[in-house]
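For clarity, chains are labelled A, B, C and D in written order, and residue numbers in each chain start from 1.
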Amino acid sequence: MTHPSTTGPAPVLALKDISKSFGAVRALRDVSLELFPGEVHALAGENGAGKSTLIKTLAGVHRPDAGQVLLDGAPVVFHGPGDARDAGIAVIYQEPTLFPDLSITENIFMGRQPRRALGRIDHKATHQATLALMQRLGVELDPDRPARGLSIADQQIVEIAKALSFDARVLIMDEPTAALTGSEVARLFGVVRTLREQGAAVLFISHRLEEIFQICQRVTTLRDGAWIASEPLDGMTEDDLVRRMVGRDLEELYPKQDVTPGEVALSVRRLTREGVFTDVSFDVRRGEIVGLAGLVGAGRTEVARAVFGIDRWDAGEVSVDGKALINGAPSTAMASGLALVPEDRRAQGLVMDMSIERNIGLTGLRTTVKAGLMDRGAERSRSLDWAVRLQVKYARIADTVNTLSGGNQQKVVLAKWLATGPKVLIVDEPTRGIDVGTKAEVHRLLSELAADGVAVLMISSDLPEILGMADRVLVMHEGRLTAEIQRSDATEETVMAAATGRAA
Amino acid sequence: MADFSLSRAIRWSALKRWDAVVGALLIVVLLLSFGTVDGFGNALNLSFLIGNTLPIALIALPMTLLVVSGEIDLSVASTAGLSGAVMGALWNQGMTIETIIPICLLLGVVCGLINGLLVTRLGLPSLAVTIGTLAAYRGIAQIVLGSDAVTDFPTQYLDFAAGRIGDTFIPYALLPFLALLAIAVVALHATPFGRSLFATGASEEAARFAGIRVKRQKLILFTVTGLMASLTGIFWALHYASARFDNATGLELSVVAAVLLGGIDFDGGKGTLGGAIAGVFLLGALQNVMSLQDVSAQSQIVVTGVLLVLSVLGPRVARQISVARAGRRAASAPVSKAPSPTP
Amino acid sequence: MTVLTPNEAPVAEVPKSSGTRLADRVFKMRELAILLVFLVMIGVTQAGNSEFLTEQGIKDLLLNATILVLVATGQSLVVITRNVDLSVGSTLGISAFAAGTFLQGGGNPVVAVLLAVLMGIAFGLLNGLLVSLGQVPALVVTLGTLYIIRGIDSIWVGSRQITAADLSDGFVDFGSGGISAVPWLAMIALAVLVATAYYLKHFGSGRELYALGSNPEAARLAGIPVRKRILAAYTFCGALAGLAGALYLARFGNVDSGTGNGYELTVVSAVVVGGVVFTGGSGSVYGAALGALLLTSINSVLPALGVSSVWVLAINGILLILAIAVDRIVALRVATALKKRNARHG
Amino acid sequence: ATACGGTTKEDVSDDSASAATAGKADPNAELKKGLTVGFLPKQVNNPYFTSADKGGEAALKELGSSYKEVGPSSATDTSGQVSYVNTLTQQQVDAMAVSAQDPGALCTALKQAMKNDIKVVTYDSDTKADCRNAFVSQASAEDLGRTEVQLLAEQIGYKGEIAILSAAQTATNQNIWIDFMKEELKDPKYKDMKLVKVAYGNDDAQQSFQQTQGLLQEYPNLKGIISPTTVGIKAAAQYLSGSKYKGKVKLTGLGTPNDMRKYVKNGTVEGFELWDPSKLGELAARTAVALVSGQITGKEGETFTAGDMGEFTIGKDGVISLGKPTVFDAKNIDQFNF
């Protein structure tokens, strides 16, 4: 095994032969990494490769089983996240870690508020500092509003502001862009560049490879917890990187099959939920994949929730196969063949403390029943079948889902819904936080489902995904459907124009 | 060697399941008491022990389901008291007991329904709601029956509630309880309904997204809890041949303590009915034994408290030990461990 | 616990500062609403019985609330951290008796109060250690310590009791005395209340209590010493329960092994009525104190209006439910109103 | 007797008249030694009951028998008291002295005990008559009720509004006493006195406190309060002594000298009354031993000698009365210590 050679300036932060296991899972095996000042370093790998674990080790959340963390060349032991922070390491974790009841300002400065005499908090200075940060990030968020109810993107913005708020020598970002739109990403990258020029070391994780090439200078690849390579990005192609990550050549990312759409399966008419979305009408036909695009906050998720029955609608009508659905009743929607893969997999998609088996089983409580009692055998084989078909990586089917990596959790959510054999499948950000390999698999799956006659409505903020996969693109802007674009006419420009309200 | 470590693994994993520990503890206490405590093993004492524990056990059945689904009902003892009081008042009016009992059960359903509606329709926290109805139902009981103590219920009913089968240790009332227990166990652990309770308790939102009718399910649970509480109230009044407005005061804490002891997690989503019932009877048996051994009531309170604390610390310590063991095993396997001095 | 669902987001997606300010006002309204209910209740009672608000009457109202206000203040701190302390009643009882025995032997009253506070701190520490180090559910642990402390208290106290005759006159007079209608005890409680509220708002460690109640995992990642803070909250809660015990002794001049029995439910009710949410992270000690004042005043209002004590319990319960229900409905209404407003603006 | 053939109250009309007594009394039988008598108060740790049970313990020691005390730690834990009856039955004591929390709840268990040849004496608070052999009453209810009114009338000069602060609404003996108070007030000499209200403080210091406040606010012209419960009178006295009503509103009732000493001395209370609880316990113990020895069976008219306390006659329904209560005031209070 070759380790990165040290040339030029000394690394600010380094990991040496780090190993970390969770029970039987060896999340990291002898991994080494060096972060240099003035450099943005990418960490690449499939879901479950160990990226987040590595970051948590750097941040003092996990103690490594073996190996050393070196700060300015000297070994250190972080006893907790506080130690790492005090050493000048700022971390944006993969899952937002906000305090829902506290204001944005407090979220950003918790534990580090500017003080007045006697150690009292200087509320005014804190407020000003937040305003300044918001300006720097170019967003308009009221510093005094509570974090509860913020969209995932806004939550991520607050996380970024938090990390920027102290002049860290090392900035670690675990998929900060997963929920952001293009312009927000651009602004974040601007900030990152400035930081880099000021001499900070940045560690960056993303499953969007183009971003890695855009902002990073070097990349370290992990595969199944093992270190594969650390090398400059100069001269590498996306295919090279993918090969490092998955150990083989990748199949096509958007394997869209051509289908002739059948009858209308899902029909939404003049659906309105006051203050959220207005007069939304569309159809999805059998065999069709319809993309639903729009900026974050445009109301796409809300439409999906209402259609599935999680929220009630105020006016309008939804029908599946011509049969009208009852307002606010997910169970009847399910019975009519509707399935919804929600956007927040941890809170909505999965019961985190339950086993993989039972999570998948949850949607089958009506079918895996014998004489009114649970048929355990049927439940298990149904769950196993789908976990295997979607290639979920797990140790035992009875393990709780919170031990899985993000991507694998997403696969479990998909498995759970595909197991119901839906006629209409609504997927909300199906590939958020999913590695390229899995992403291709998910796309292939959706494509196959459509080919089998399932009507698919795909909500996504990933424009290439929408363009690559959808037969038709619906675009929402501020709660209204603003455009319907055929596959042949759909380009980044046409979709973005409609999404930003520029087109009629 | 392989067998040896296997049996160890089983033992450790069993210890991590607290309900199994409580069950084992109950058996140990019973066996020890049979051998060493005078007056414990005879049929009469056992029938008393069971009879006095039954009210707690009866309420523990729906309470377990409720707690598993992430809610709680503290008004159960007041509902029981209210049914007893209404039963006494109606009996004083000269109504037949055969009409009174269904009326009281219906009243329990209404009490439970009120709790359920407040929780599900208004989205109020069940702890707060049922603290409120705890006071309200008990207050209504006081208004209904005032200072009366009704004691002259028909003998055949009193005998059923307080008597036992021949000279055995089995109270008549145990048989219907066992039937209810069986129903509850099947409902919680073997039906889709039970499965969805666990899901709701662990994550209500995820359960809703999986098409589980969370509100309806909770409404049913609260209603059943009210029904069982009023059944308990009727049983209580007959068992002790006394209907007063303050019957079963404070029973809710005993139920909660026993259910907690049985390893039901108050965060919802975890636990077994077997554990809860073992917890109920473990507390009952310990109290019986301690009384026979002349342990004062005050010391018994301390023992209950210590048991409760242990019931949450125990599994945790066991888990930590097993993690430490796993860690040691893992640590001894790899080659070297670099010393890591603090900066 | 998941039994308590926090209020849904009162503000909708679009961050307009006008909406936020309104939401902010609504949160303050929470306390204003209780105050209003309280004032209306007092007004109605005064209209029905002109004796109610005499100097003595006001003094009685304040005195009645004092002890509950203290304990509820401590309890809110614990509840804000997403925990609960059910053992406060037992702690109050045992501290009161400890102070009493000390005074009985001719001890200095100030030392006696300190003794009670220390006793409270000791039990608070015990709870805090069990909850924070053991990382076990607070409800179970403190239900356990409720029994344990109560048991120890009964064994220690036995059938003994402290009566007013055992206490120095100065101490007993202090318990009922004051400057015109404002009793000394109420001033102590108010001082503690204001200091606690100031601390919670203006000190980092105070804000951290909210943070860790709001999201414990995030608090850990933010480097907040979670265990230390929880330990501190419990210790403070215990200290106030101890102090309340000493004041109880001064007020009632009478302590036995049953003192403080069942008090936990009253305290929890006060905190809940006061708008401190059980899932942690929100609520204020002023709210809790107002809740305490409201609850104790109901018990004075009903007898003053000549309502038979048979009705008191039922009315108490119904009022408690009404308080939280109205609160909830108002919150929901405001949330929808805000949403619609945002929609029109958007 | 009913329409639908169900069971109603009439169908089970009083069969409780049958006394639980059997056999014949032998007044000259020798008192047995080496017996065990279990005391089961309403609540352990209650100073009143501790004092009573101490009296019983001393008497039993003198009689060469042994004493034990068990009981619940809460005065409303009826099921707890039932299990303690069962415990004593299991432990095969010779007799038990019980102060019943509830007149009916203990019956099944007590009858079970009597079936096992255990003699049952109730004291302080009775059960239904057929569930025990004898009841040792602290004073006749009539005496208590009437004397308390007399005490207060003297203090307020037979004039003005008065109120009663009782314990729980369900407390049987309280209610009987209150009935006799009302009876006494019908006498023409009380024509200027008016009972305006009965309040209930549930034997809880805080509630009794607030009920007292309520009484004074609701009836500004209140002249006196009778509180026939030791907890109530103590709380009322503490409130009065710290308020402007001190000395102006008279307070009397049942209290212990130790509780009330301070308030008598500081002028809040002029006089109150109580029986000697230790005497009550002693009589209960001696009755129990007499029952086991066969001197008495619990029938009306039987007599027995209770050591130094003298001779007692069993009244109707097996009730044995301790005698008239003692009145305590500033002059005599220091002679008592309980």
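In the analysis below, a contact is a pair of C-beta atoms (placed from the backbone, for glycine too) under 8 Å apart; a residue touches a chain by one contact, two chains touch by 3 or more.
All values derive from a computational prediction rather than experimental measurement.
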Inset, instruction - Could you work out which chain's C-alpha centre is the most distant one from the centre of chain C? - result: A
Legend entry - Maximum inter-chain contact count - chain pair: B-C
Legend entry - chain A and chain D: spacing of chain centres that average the CA atoms, whole Å: 73
Legend entry - Distance from chain D to chain B - Cα centre to Cα centre, in angstrom: 36
Inset, instruction - Averaging only over C-alpha atoms, locate the centres of chain B and chain C and give their separation in whole Å. - result: 29
Legend entry - Mean-CA-position distance for chain C and chain A (Å): 42
Legend entry - In chain C, residues with contacts to at least two other chains: 154, 257, 310
Legend entry - Per-residue multi-chain contacts in chain D, two or more chains: 44-45, 73-74, 169
Legend entry - Touching two or more other chains - residues of chain B: 142, 146, 250, 296-298, 301
Legend entry - Pairs of chains satisfying the touch condition: A-B, A-C, B-C, B-D, C-D
Legend entry - chain D partner contacts - residues on chain C that touch it in the complex: 49, 51-52, 55-57, 60, 64, 154, 157-161, 163-165, 172-173, 175-177, 252-254, 256-259, 261, 299-300, 302-306, 309-310
Legend entry - Interfacial residue positions of chain A with respect to chain C in the complex: 59, 61, 80-86, 91, 93, 97-102, 106, 110-111, 113, 115, 119-121, 123, 140-142, 144-146, 148-149, 151, 274-276, 297, 478-479
Legend entry - Interfacial residue positions of chain B with respect to chain A in the complex: 186, 190-192, 194-196, 198-199, 202-203, 205-213, 269-270, 326-327, 330-331, 334, 336-338, 340-343
Inset, instruction - Could you pull out which chain A residues touch chain B in their complex? - result: 16-17, 19, 21, 23, 65-69, 71, 74-77, 310, 329-331, 333-334, 340, 342, 347-354, 358, 361-363, 365-366, 369, 372-374, 416
Legend entry - chain C-facing residues of chain B, complex: 70-72, 118, 122-129, 131-140, 142-143, 146, 201, 204, 250, 253, 256-257, 260, 265-268, 296-309, 311-313, 316
